[in-house]
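You will see two complexes here that share subunit A, one where it goes with subunit B and one where it goes with subunit C.
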Partner chain A sequence: MLAVVFGGCKPGKPSAGREEMVLNQRLEANIQTLDPADVGDTSSDGVCREFCESLYAYDYLKRPHQVVPELAAAMPDISEDGRIYRIGVKQGVYFHDDPCFAGGKGRQLTAHDFVYAFKRLANVRVQSKNWYIFDGRVVGLDDFRNYTKTCEKDKVDYSRPVEGLYAEDDFTLVIKLHRPWPQLIFWLAFLPTAPMAREAVDYYGPDIILHPVGTGPFVLKQWHRGVYLEAVRNPAYREVYYPSEGAPGDAEAGLLRDAGRRLPFIDRVFWRVVVEDQPRWLLLMRGDIDINSIPKDNFGQAVSVVNDLTDEMKRRGMKMQLFDEPSTFWLGMNMSDPVLGSNKPLRYAINYAIDRQRFIEIIQSGKGRLAYGFVPPAMTSYDEGLKDWSPSRFDLQKARAYLKEAEKIHGGPIPKLRLAIGRTGTAQKQTLQFLSRCLTEIGLQIETELYDWPAFLEKLRTSDNQLYFSGWMADYPDAESFLGTFYGPNAPWPNSSNFHNSEFDAVYEQVSVMPDSPRRTELYRKAERIVIEEMPCAFVYHRVGYIIYHDWLDNLKADPYKAEAIGYGQLRYYKVNTQKRTNYRNNVEMKN
Partner chain B sequence: MTAYIIRRLMYLAPIVFGVLLVTFVLFTLIGGDISQQIAGKHADAETIAEIRHEYGFDKPLFVGHKPLEGDEAVWESEKEGFILALKNERRTQMEEKAARKAEKSGSRTIEPVKEPQIAEYQAKKEWLSDLFWKRVRDKQSGQAWEMVDFDSQFVAHFTKAFTFRFGRALDRERIGEKILRGIGPSVSLTIPMFFGTLIVSISFALVVAFLRGTVWDHAIVILCVAGMSLPYLSFIIFGQYFFAYRLDWFPIFYAPDQPMGYSVVLPAMIGMVAGLGSNLRFYRTIMLDEIRNDYVRTAFAKGLTARRVLFKHVLKNAMIPIVTSVVLSIPYLILGSLLLERFFGIPGLGYLMFDAVSSRDFFVLNALTFIEALLIAFFTLVADVCYAWVDPRVKFD
Partner chain C sequence: MTDRTPTTENSNEPVKGRSLWADGIRRLRKRKLAMVCFAVVMMYFMLAGLIYLNEVLDWKITLFDWRQAVGPSYQKPWVGYEWTPEGQTAPQRDWVFFGTDFLGQSTWRKMIYASKTSITVALFASIISILIGVPMGAVAGYFRGWVDDTIVWLYTTVGTIPGIVLIMAFAVVLRAQTFFGAELKGITAVYVAMGLTSWVGICRLIRGEIIKRKESEYVLAARALGCSNRRIIFKHLLPNVFHVIIIDFSLRFVHFIHAEVILSFLGLGEADKPSWGAMIDAARTELARNVWWEMAAATVAIFVVSLALNIFGDALRDCLDPKLRTD
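After this line comes the complex of A and B, so read on.
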């Protein structure tokens, strides 16, 4: 009976049609929204990116990452003083067909759609999570934001001119900045700066979050919230081709076989929301999903001790990619805390007490690299020289000696210190246990605290903490993203260790307006050493990402900047060998 | 009977009020202001203020003070001075606190305090409160009374609940829609599971009660205790791995292209097996109480078959506790099963609840808690009425 009752709501069969190329994706968290202005989490960002594009993007294959035009006609024309950006918008790009447009046909994209989208970020009534991108940067945009505060919701006049943001003609966007901002180009490759069709926002009202009307290679077909999403190829997608140049080794890895072919290859995508690890892993093994990260519990089954796939995985024809994430994890010390802030030897003692190698082996199952500073090896400005110079290492003797000195400064034994972490899973509990054992080993007393994520952020924002385990992952391939987390005026967020150092701040202010150059890299490294020397954080490790997928998936190249969200936002390049998948599924031995 | 039902329905009113009060305290007072969380980690004060306004977090908790005509202009002129005074006051407090803290920890240096931040809406609230008490003191009680603002968070909480308009969830979908959509999948999982468990455990309980003291009885009791001692999660993990993955008899996870009925078979069976231990023991005790009665001996003495005695006489008389437990379970059936739904991807209310807990969506939690409380109160009444139906000795006076 149930079959009859619920049979009515069944969607189109995923494997309809013989030639159709279907990709089965997984999502590890619910999709919150598909409105680029509202996106603030990895899963929503990844999925929304298949529907909406930005002015720029990163070259799919080249490493280190290289910005290339996506909806822009070319790289921006930047004035000599670095303050005026003139960006040509590609002609002949159309929005998805949607009832919000006259006749249901998508209209041509123009520079006005970018102006509207950026002003929408600024509109305080929209409550965008992404206003911080342009906050205090674009001439006149902050005034526009102030103006929106006086308006009623939905009564904001978007035609109100903004001095530093306008369309010179239908296909030229002009942005004027208060001061040079070399990272703007990365933000223009960021999903929240995608163009918006005003028609769509007016038509859908608050339900715009359900209707991504973009220019991307896929069109949303249906979305059952919390369960799955289905997208199909955008039939009107402009001519975009697979890159014909890559990084060294790409040709050997077969990543250039489709060079010059028109994108996308896939006809249909299913994203199934599978939050728990076990069912997600079993679905991968069964061949029902094509790609996954490796859950902690299945790590031993998938990866051998030499960081290669196990024989079982090889028999199944699985493939794996390892990559350095642009991330750094650290034990932060609140510099505004009276015990920690004024006691450098104490911070050094804590730093020397952490056995990083064992931490990576035990807690991270080997998925990490030792951190000597905060700039990760995945970035071009990574400082090889730190390895010999940095005090960021495990040394019990030094730790004990520094602790003695610290007690002298403190005028008695160090009081019990609180050590906090965000999220309350097993991994976090183990992390706390490990770190607190390291610290008690040298004679410190530690009280551990687990908070759920919002509560933890709140603690950081109000500086209501002493020691905390946290980290940072770069938003874009520029170490400036990391430096900002130690800049004085950024305290307490994102500078959650409340680090204040005038020398560092001066260097940061200097580099933050400098375009890329060897001199800038040199200054980055100088700034990093100032931080390490003062030790507001004990840097522990840089995470190594793993991705596992079936061999019927071609053209997959891991993008470290997407980390665990691999395969989110780049599906246009992927290809599926459906015959291989059918064979796998029909082979009972493989399946189990 | 009718009088009894009416009386009981009237008792519901204080219960519902109590529930609303408790949910308000839990989700609004203790849960705290989640505007920061909604605004995202990079949010600025303005966005947060906007969100606070939209969700009504800027309203007074119970009752507040609103400006009268002319007050607004006074506020505008006094604003800056008032905020400055408030800041100074706050700074002095912080400095005293820092001094005490330094003294307590034995540190010689007192940490310099940060510049206190006071948002305009906070300052205005304090200013209005001062004004209100000033008017009360100056015996301008008529004016003070006019200032009382009943448009509070507590009133909004009540209105939402009584009109069943719960508004939008954190992901901006209507909560009503979410809940309505979730009932079907939840019920399609829990109803077969519940009746399966009921039929199997009552039948077994009768047999076991009949065989009391034998090896079979002991073996089944031991199995029941073992089943009760195993964590629920281990049944799920094993069942999913073995029956769905290894043997491939059932789908691993709810597949949108297949009917819901197909996806709920395995979780329903796992739920049945996991619940069997405690249920069987419970019903066995009831049956044993019943089977020791004189009428059972008489029935056997009259030469009735064991099947007739057990299913016709014993079962009928054991109905009271069974009906109670069945009726009282109905609200939980609607709410679904948190873990089963999460592991098998059944998009029901249990899944919704789990999601709301992990994303701190107090709006959804509040709605679900309120609905659940109503259902429990209602079905408790139904259970009481059902007594009369199964047992003529029960009278409503």
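After this line comes the complex of A and C, so read on.
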């Protein structure tokens, strides 16, 4: 049946009279929901973003990332004290045509749809996973949340006023904050803050998770859960054009060839759910999907030692992009543990014992960069000076010397330490074995613990751990996201190392309300050095992302914040040369 | 008093009576294949025992030091290579019997070490299941009535749940639980989970045997002499059904080895020591890069012990069960 659905897709007759442009995407996990308020996983987020838009988005081409208006008419008008945001909403934007609207025609978007969507996030009865975004931030919204606790389901009065969230007129949204929050602009580019048509929620009820009624460039046609999802171009999509400016090198890479042309180019998108790596890789090789990440075990087949495509991949006409992900992975040490917390030399010994280069080579198949601190190179506030200053490096002699010192402080040999990791896959087992081997090399005794993800999180949240391997991936292009993981009051989660340092906390409190400036970057770097100096974590690596795709796919620019390239509102820029794809498939069939 | 020892027809020499066990072992010895299999099983047990002793007494036997890097990552079996061991500067030539894994550790040594994990799990799980199943089956079969009804209801209920699913559920629940101050983790949780969930078969078997034998003359005699129920069950009945326990033990052992492999494969087994299941799990993804030797090593080890135990278990049943005797 799948062969008929995907392999046998006959080109339709799109509005422009050209051959239908079909994009064959893939998903590595099932989609849980298509309700923006409920989205909490990457698959749902990536796909739903094609149907629903937010006030802001990131420029498709420019690097470092720049926030640009999407449904907002312009950048927000922010009061001098940084507490009041006045945001104009674009006029002439319409929701998808849907039976929930009168006559089945999508109605115009207004600021009231944002007010409703944000209040819906606050509604306890909706059980949104994304309330944390506004928790304690917007004046009166927490009171509204408390009010919803007293209501029965479906009896919440959304017309109840909230002091800090209202529509000044049909096209002006006002948000008042308790205190300055410079990161709000990034959250307004997040899917959960997308506008919601109340008619859709009332019409579909609990089934709203199956019916994304947004303003995006694609409309959901069919969704067979766990198998595939099909979307078609939104015929009523407003006029949006391909950007005419990009980052240096974009023009040479051919990414500006379509500058000024109306979007989207694609007529139809299929997302196939293929959970296992190998079948997904084979589908890519057959040309049945257009794009994929590179599975660990096919890395050698795809990428040569000089980080280029192998001859085989070049023969197939594949293309590859690699990029620094905004992520850092580390070996955390629980500072509230009596053995580790009071013994800084022990933490240094552990830090120096980890052979990071070998870790990246063996466990990550070379897909990583050495970490000297927690801010990744993908961020503008990355501190190049750390490379020379940071003690975050492999040095067995120093490790052994520090261990001797640590034993003196402890008053004898260090007892066996527990090293935990979340998830029970092969990569996690190998990570544990590798780290355990590094630490036993200097004379420490290690007991490894493999937990499923919920059990691991529970261990972190209850501080029932000693050593643990974990990491953090930034949600937005601001190092504040990382700093929060070491802020004292955030212990034990997300500050799972239970790091408490009054100097760091003071700097964090200062920078968290500061708008972007050189002074803020300077303070970020100061805060990072305080953490490295105390060593609550041994920073190991920053992940490097790889994306591989066929040469019939044009205009793809890898985005480190959307590493899987499954959608995230970027498919409108993609273009497919269907003739090239047909030729490739014919060649594959002839060889078979 | 006359000598009541039986004699043969042609001579007056007394003929020694043979016990069930002596007779069984005599018959078993005649089966060459079964004896070979028994030797193989014993070899696995001895390996497991030696590994234990090596760890406890710190003998530092190289063959059991699976942690030592013996070459570069994913080195092919039987192919010579040049490498520089950690802490040395000069390269040296070497070769390795069953290849190396991602850390350059010997697959051969891991395969051998993993026998300890599997034998330990299977042995303790068998003992736990027997300790639960045998007394419950004996009590149910002997007393009948409401005691029997309750136990039959219990094992029927437990028996309706698919075995491996039940073991997995128990293994997940038991992991990281603390009992009497000791935390259950790694293989301990695995064999406790297996033991607690796999007593149904032996319980049912023993119950049937006891029901069959409780009206035997020797039981009636013991009862007439005033023996207590406990003495009748444990001193008279159970020794007479012990061969059933032994046969069941040998066949159940294979099942437990397989279950351990499955649990390790699913990430519920030993985290920091080799096991055949963990080796297969690791090899599953390595096969794509033509690293077949870890999968092959674990599979061969499981195949040999499973086959040996099955053949030996079948032979044991044939020899000890009077109804199945063919010679």
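One rule holds in what follows: the second predicted complex is superposed on the first by the 563 of 592 C-alpha atoms of A that agree within 3 Å, B and C clash if a C-alpha of one lies under 4 Å from a C-alpha of the other, contacts with A are read in each partner's own complex, and residues count from 1 in each chain.
Here, a contact is a pair of C-beta atoms (placed from the backbone, for glycine too) under 8 Å apart; a residue touches a chain by one contact, two chains touch by 3 or more.
Nothing here was measured: the structure is a model prediction, and the numbers come from that model.
Counted by residues of subunit A touched, the larger count belongs to B, out of subunit B and subunit C. Contact with subunit B, but none with subunit C, is seen for A:H224 once the two complexes are overlaid on the shared chain. Within the superposed three-chain model, A:T426 lies in touch with subunit C and out of touch with subunit B [touch as defined at top]. Once the two complexes are laid over each other on the shared chain, residue contacts for A:Q32 go to subunit B alone; subunit C is not touched.
Judged by the touch definition given at the top, the superposed model places A:T448 against subunit C, while subunit B stays out of reach. In the superposition on chain A, A:Q278 makes contact with both subunit B and subunit C. By the document's definition of touching, of the two partners only subunit B reaches A:G412; subunit C does not. Judged by the document's definition of touching, subunit A residues 278, 452 lie at the interface with subunit B and also at the interface with subunit C. For subunit C in complex with subunit A, the touching residues are 67, 73, 86, 102-103, 172, 175-176, 185, 266-268, 271-272, 278, 281-282, 284-289.
Here subunit A touches subunit C in the complex through residues 277-278, 295-298, 300-301, 362-363, 424-426, 429-430, 432-434, 436-437, 440-441, 446-452, 455, going by the rule given at the top. Across the complex, subunit A is touched by residues 34, 36-44, 46-47, 50-51, 54, 98, 101-102, 105-111, 114, 168, 170-173, 178, 184-185, 188, 192, 237, 240-241, 244-246, 248, 252-262, 264, 342-345, 347, 351-352, 355, 359-360 of subunit B. Considering their complex, residues 1-7, 9-14, 30, 32-33, 40, 124-125, 127-132, 135, 145, 149, 206, 209, 224-228, 230, 270, 272-276, 278-279, 282-283, 285-286, 288, 336-339, 341-342, 410-412, 415, 452, 454, 457-458, 461, 463, 493, 588, 591-592 of subunit A touch subunit B.
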